[in-house]
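Below you'll find a set of structures to go through.
What follows is chain A paired twice: with chain B in the first complex and chain C in the second.
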Partner chain A sequence: MVTYIIRRLIGAVIMLLIVSMATFAIFFLVPQIAGATPEGMASRYVGRTASAETAKLAAERLGFNDPLIVQYGRFVKGVVAGAEYDYGPGVEKCPAPCLGYSFITRQPVFPDLMNRLPVTFSLAIGAAVIWLLAGVGIGVLSALRRGSFFDRAAMTVALAGVSLPIFFTGLVSLLVFAYGNPFSWAAQGGHYTTFLDSPVQWAYNLILPWVTLAFLFAATYARLTRAGMLETMNEDYIRTARAKGLGERKVIVKHGLRGALTPIITVFGLDFGLLIGGAVLTESAYSLPGLGKYAVDAITNQDLPKVMGVTLLAAVFVVIANLIVDLLYAVVDPRVRLA
Partner chain B sequence: MTAPLDVPGSATEPAPEAVLAGADRKAIQGRSLGQIAWMRLKRDKVAMAGAVVIVVLIIVAVFAPLIVNLFGHPPLEFHREKIDQSTLVPKEPFGGISWDFLFGVEPQWGRDIFSRVVYGARISLLIAFLATLLSTVIGTTLGVIAGYFGGFVDTLISRAMDVFLAFPLLVFAIALAGVVPDQAFGLSGDTLRVALLVFIIGFFSWPYIGRIVRGQTLSLREREFVDAAKSLGARSPYIIFRELLPNLVAPILIYATLLIPTNILFEAALSFLGVGVRPPTPTWGGMLAEAARYYTVPHFALFPGLAIFITVLAFNLFGDGLRDALDPRGR
Partner chain C sequence: MKKRRVAAAAVTAALAMGLAACGGTSTTGGESGQSAAPAAKAEFNAALTKVFNPSTKKGGTIKFANSGDWDSLDPADTYYGYSWNFIRLYGRALTMFKSAPGAEGATVVPDLATDLGKPSEDFKTWTYTLRDGLKFEDGTPITSKDVAYAVARSTDKETFPNGPTYLKDMLNWPKGYEGPYKSKDVDFSSAIETPDDKTIIFHLTQPYSGFDYLAQMSPTMPVPKAKDTGAKYREHVISSGPYMFEKNEIGKGFTLVRNPHWDPATDPNRPALPDRIEVQTNVNADDLDNRLMSGDIHIDVAGTGVQPAAMSKILPDPNLKAQTDNPTLQRLWYTSISPTVKPLDNIDCRKAVLYAADKTGYQSAYGGEFSGGQIATNLMPPSIPGAQPFDLYPSGPDGTGDLAKAKEHLAACGQPNGFETNIAYRAERPKEKATAEALQQSLARVGIKLTLKPYPQADYFSLYAGKPPYVVENKLGLAVNGWGSDYPDGYGFLQQITDSRVIRETGGSSNISVRIPEVDKMFDQSLQEADAKKREPIWNAIDKRVMEEAVILPGVWAKSLLFRPKGLTNVFISDSQQMYDYVALGVQ
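On to the complex of A and B.
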């Protein structure tokens, strides 16, 4: 078990290294391949209004002329140990963990990210509860009543669900439930109250995004659970369980569902990790001030360090989620930790 | 979707005993796998409905200028006389839907929504098809290499696929689409954006195909016909191209078809976020982003949204049907 955990931890560290390289490549290598000069890249950091002189100086000081490996080393060092930027107008400090420093707002990105994180987390956790209950429940019922009216209706709705973009359902839900008509009862987009301030208001503001986001995922999970249940319910051990006189409920939940649940845990870990890293589309559709909206707004303003911060943080969450799933696996399934 | 998959042609053809007795010699002709799959597919009404919608969409996309000429106005043409200049919403009720403007007019500029939805199909399908092609080529190549050669190569490629699947794709994609300047690689404007989106989407979605192909190759590699080819002295390239690939066509076809709707959604999402093909070129996602600012004109969101929904649904239905037809064990 200990070796297993150590192996997974090493895997996670390698993953983080790859992520840092990919992020570095996107923000520093791709623009150069695409033909941006060091001055051009620096001007993105000091603002478009800066003169050619300033840009040139900034490029020199920010080190865009250095060899790539040196730039990458500096990038990693900045993340781990903090960074200081001396690009002309003055020295800017960015304490560790420096996931980026916005030269437009003259602020390190990390505190911003920590402010935004609770919003995204609230969105993800509420939606996850709904979609797990709905998706797995519907999937199990569908599989047990395969071919019935319920099954066909549920699977049709599920297929429609995976075919609907969330920025469209989000818009429609706002039009129907939130904007000026006599029946609108939900909060309009753009509002967020922290859970500690008022749990009721918190839930009221998030209920529409929760349901919309959950609908999308519930559709996927229902299809997944149904397929998994159909497979496990045909296994021999189910027949054995029935033969030894177990109640049908116990057979379904303890034997059938348990076998079908393992792939769902994997997918869930990944989905949840990805969501915490920024539910970009949902947050944009409902104007929720989370990490995803932060990244999108930053892209619109060409404030690249902010986007870089979100990218790095999002990747960290995915790596952590993967690690947790791996460890959960070892707890659930003894074959994994012995292998 | 769960139509029973029995042996094709049961009602019209003579009973097996009659065939054996030679009552109808023509019925004994062998059928290729493709023919059997086609017969199954033809009887799957839902899948065929999807196929019809797809064909119609492709026709619409290809002949967009002609259709817009007949039923609409140029997609970039302003019709300010249709717009109430103080509120910026269409003067006429129902967003100005009429025989002249089938889907009504856009708020603020008064552009023809019908034409823009029709032209939007071009960008959407073009990017989705090309991106799927790219990811299929990458996925098949790496999948076959990993599955056939195994060992270190397999570990490397499989790990790479895991990494790709675990990446926060959308955030990476918007970052990537955001950092590339307006002129790059000798391209500019819409051509650059389309090429960029094809590359990004294709590059991030190849592992879906790669995984399937690798798995199939792993099991095919152990089959007798591969052993036979080897013992006859066939080299790796011959085995890969002549023995393995023909057997991989079905799964590749299925998962490529199912990847198209995902890619359509991906493109729409990037356009919605403002990092796709740039306005004023009409895209479905871009139209939805604009519609979000005019919630008093619901039809503006409705038409591009429905366009995405119908397109994606059609591909999903057809893909599901194709899977059932080519691989009945999957059910």
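On to the complex of A and C.
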């Protein structure tokens, strides 16, 4: 087990290095291939009134004239050992892990990301609880009552959930349940309170985004669970369990659902990892200052170090989520043994 | 365009009139009153030329939101109009625009200074004296050296790339001076002198009669050298105004609270009504509009108006429409008619274009009456002080063009059946494409055939429509264009688009078509005129002369639809801000 974890961790680090190289190439090599000069790339960091001379100086200062490998080496060195930037009367430090430094907001990226992470995590965790409970519950019931009115109605709603994009359901939910109309009961967009400040206010502000996000995911999970349960409940070991006199609830939960959970855990790991990396549409629709909104704003402002930072962090979460999923397999499914 | 405008303006200096600042309104000023009149009846354009819901009641929290973010909160490093409006809440410059509705808001009044600047006879030296009792938020006195230091640091464009460059370009800095960080301990008294703690003297490289307009810009807001953190100063600007930063989370928002060391006795311009100001940044634009309408926030700080989605909800609803104001901005969308391209070298051919153009089509192309703009008949928008609209080429009772007149002029220029030419526009701008198409259709009615030529906007002026040899070689007879002024002043609005000396053969100028020596002379004459009122007839004369030459087809003067939520007091739009004046606002 320990060997397995160490092996997976090494694999994760290699994966992150590859992601960082690919990301770096996309942001710094591709523009050069497309004809961007170092001065042109630097010009977005030197404001609207900059002269060509200022852009040239900035290109030198930012190191855009150096070979790409040198620039990448500098980036990796920053991640490991931190970096320093000379502005005004003092030197600005970007402590390790320096995932980049925004020359537009004059701030290191990593603290920004850590500042945004609780918002995204709050959004993801609440939504995940709702969609798992609702999605798996509805999926199990649908499978057990296959062909019933409930099954058909639930799957129709699930189809709608999968089909409707967040920017639609998000706006409709805000229009119906917020914005001061007679049905309003939920917080409007842009409101966020930390859990530690007030758990009740935290939940109140997030309930609408949670439900909206969960609606999308619960639909997928309901369909997945239903399909898995239908398959599992026809397995021989289920018949055996019933034959040896186990109660129906125990058969369904302990034997049926447990077997059907494996693919759900796989998908959940990926979904949750991706969400932690930034629920872009949900955070944008509800103006929540999380990693997704951060990424969108960075893209709008062409603030490449921020985009790179959030991309790398998202990759970290996906890799970690995958690792946890692999470990969970062994717990959920006794047939799986890690070696 | 703004970037190019500013760069060019810096070179030619003199631009500096007005901008985006004013302070306490005469109608709401003073700190003693605590009265609140009953809430005024909301009606369309109620805050356009007068104060809506006047009050002197203090207290409460005013909530701003921004669909984007500031370029910087540092007074040396910001160049958005809304930022110059807002910054007066935590910073005081030597002068400021009066905080008053309409045209009165375009006049400059003293702020940190006791009076407007005292010029030397040749307008190359300007002297200001600071008021008594001025303090920073930490209680240390504000001196002339703090103002001089603030201006000096603003010249470091590597550290502060976003701010205006007027003072950097117009003052007599030592050769190679790069600000106090790089040119440490360099004596810059050739540009700014501070003989004592109250007096500050500016030395210009050339005469400029409108220096008070430069003195109201944010770089003259004092910065204490001991607290200056360079590029990081934006994270905690030391306040000299009525509010100071309590919290600042860049990218998310910030909160301002009362500055205990701001003395209202030193500041007749700011009523400072709310106790607290909360600002949220990077809010989804449509979410922002909906929250404005529901009263969850009070002001969209960007001041550019509601989004199309909100507009479609507001305009059909009389109650919501009554909560809006629709100011005309100091921006003109127009089409340049190039006299260097045959047959438009003939003035009658140019006049035929002006008569045949469908102005209502032009307006529709930009979004209609409310968000597109008001049909323009000449260059200067009506809110420029002294501007007197006129119409040399009436386009018929329905605004769709006077075809009979157009044909008359076509015959006079020897092209009775019309002619062919090209029209350039910026490919990334759908409204400019729609304009080009509208002109294509309307001019075709008299036989003038236009071929559409889209160009990338990044190089529109430098390589294509703004490069004279390219214009001639490619027969770009018409070019869709636009221009906005940083400040409510005729010089600032007209000079870059009508002074022929800004045209460069290598490209890059917004002036594509105006080459009138008489106009150039009028600009020179204006620089020596100290009295702003006496300069105004010059701007109107320039406007008229350009229109007589028929080298510009005015399209629309841009407008915005601003939402005015319930619960706000002292709401008005001043001609300097072209949006709600943030210094005056209060909450019920």
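The criterion applied here is as follows: the second predicted complex is superposed on the first by the 317 of 339 C-alpha atoms of A that agree within 3 Å, B and C clash if a C-alpha of one lies under 4 Å from a C-alpha of the other, contacts with A are read in each partner's own complex, and residues count from 1 in each chain.
In this text, a residue touches a chain if its C-beta (ideal position, glycine included) is under 8 Å from a C-beta of that chain, and two chains touch if they have at least 3 such contacts.
Bear in mind that the values here come from a model prediction, so they are computed numbers and not experimental data.
Novice: For A:Gln107, using the defined touch cut-off, is the partner it touches chain B, chain C, both, or neither? Pick first, second, both or neither.
Specialist: The answer is second: A:Gln107 touches chain C but not chain B.
Novice: By residue count, is chain A touched more by chain B or by chain C?
Specialist: The partner making contact with more of chain A's residues is B.
Novice: Now for A:Tyr179: first (chain B), second (chain C), both, or neither, which partner does it touch?
Specialist: After superposition on chain A, A:Tyr179 lies in contact with both partners, chain B and chain C.
Novice: Quick one: is A:Pro289 in contact with chain B, with chain C, with both, or with neither? Answer first, second, both or neither.
Specialist: Second partner only.
Novice: Just to be sure I read the superposition right, which of the two partners does A:Thr54 touch: chain B = first, chain C = second, or both, or neither?
Specialist: Touch status of A:Thr54: second partner only.
Novice: Counting only touches as set out at the top, which of chain B and chain C does A:Asn115 meet: first, second, both, neither?
Specialist: Touch status of A:Asn115: second partner only.
Novice: Pick one for A:Leu171: touches chain B only (first), chain C only (second), both, or neither.
Specialist: A:Leu171: touches chain B and chain C.
Novice: By the touch definition above, which chain A residues appear in both interfaces, chain B in one complex and chain C in the other?
Specialist: On chain A, the overlap between the chain B and chain C contacts is residues 171, 174-175, 179, 284-285, 300.
Novice: Can you check the complex and tell me which residues of chain B touch chain A?
Specialist: Residues 1-2, 163, 165-172, 174-176, 178-181, 183-185, 261, 265, 268-269, 272-275, 285, 288-289, 291-292, 295-296, 298, 301, 305, 308-309, 312-313, 316-317, 320.
Novice: Give every residue of chain A touching chain C within the complex, in rising order.
Specialist: Listed in rising order, the residues are 45-51, 54, 57-58, 61, 87-90, 92, 105-107, 112, 115, 171, 174-175, 178-180, 188-190, 284-287, 289, 293-294, 297, 300-301.
Novice: Under the touch definition given earlier, write down the residues of chain C that touch chain A in their complex.
Specialist: Per the stated touch rule, the residues are 2-3, 6-7, 10, 65, 68-69, 71, 77, 79, 156-165, 181, 228-234, 249-252, 280, 282-284, 286-288, 290-291, 293-297.
Novice: Okay, in this complex, where on chain A does chain B touch?
Specialist: On the chain A side, the touching residues are 15, 18-19, 22-23, 26-27, 30-31, 34-36, 40, 146-147, 151-152, 155-156, 159-160, 162-165, 167-168, 171-172, 174-175, 179, 270, 273-274, 277-278, 280-281, 284-285, 292, 295-296, 299-300, 302, 304, 307-308, 310-311, 314-315, 317-319, 322.
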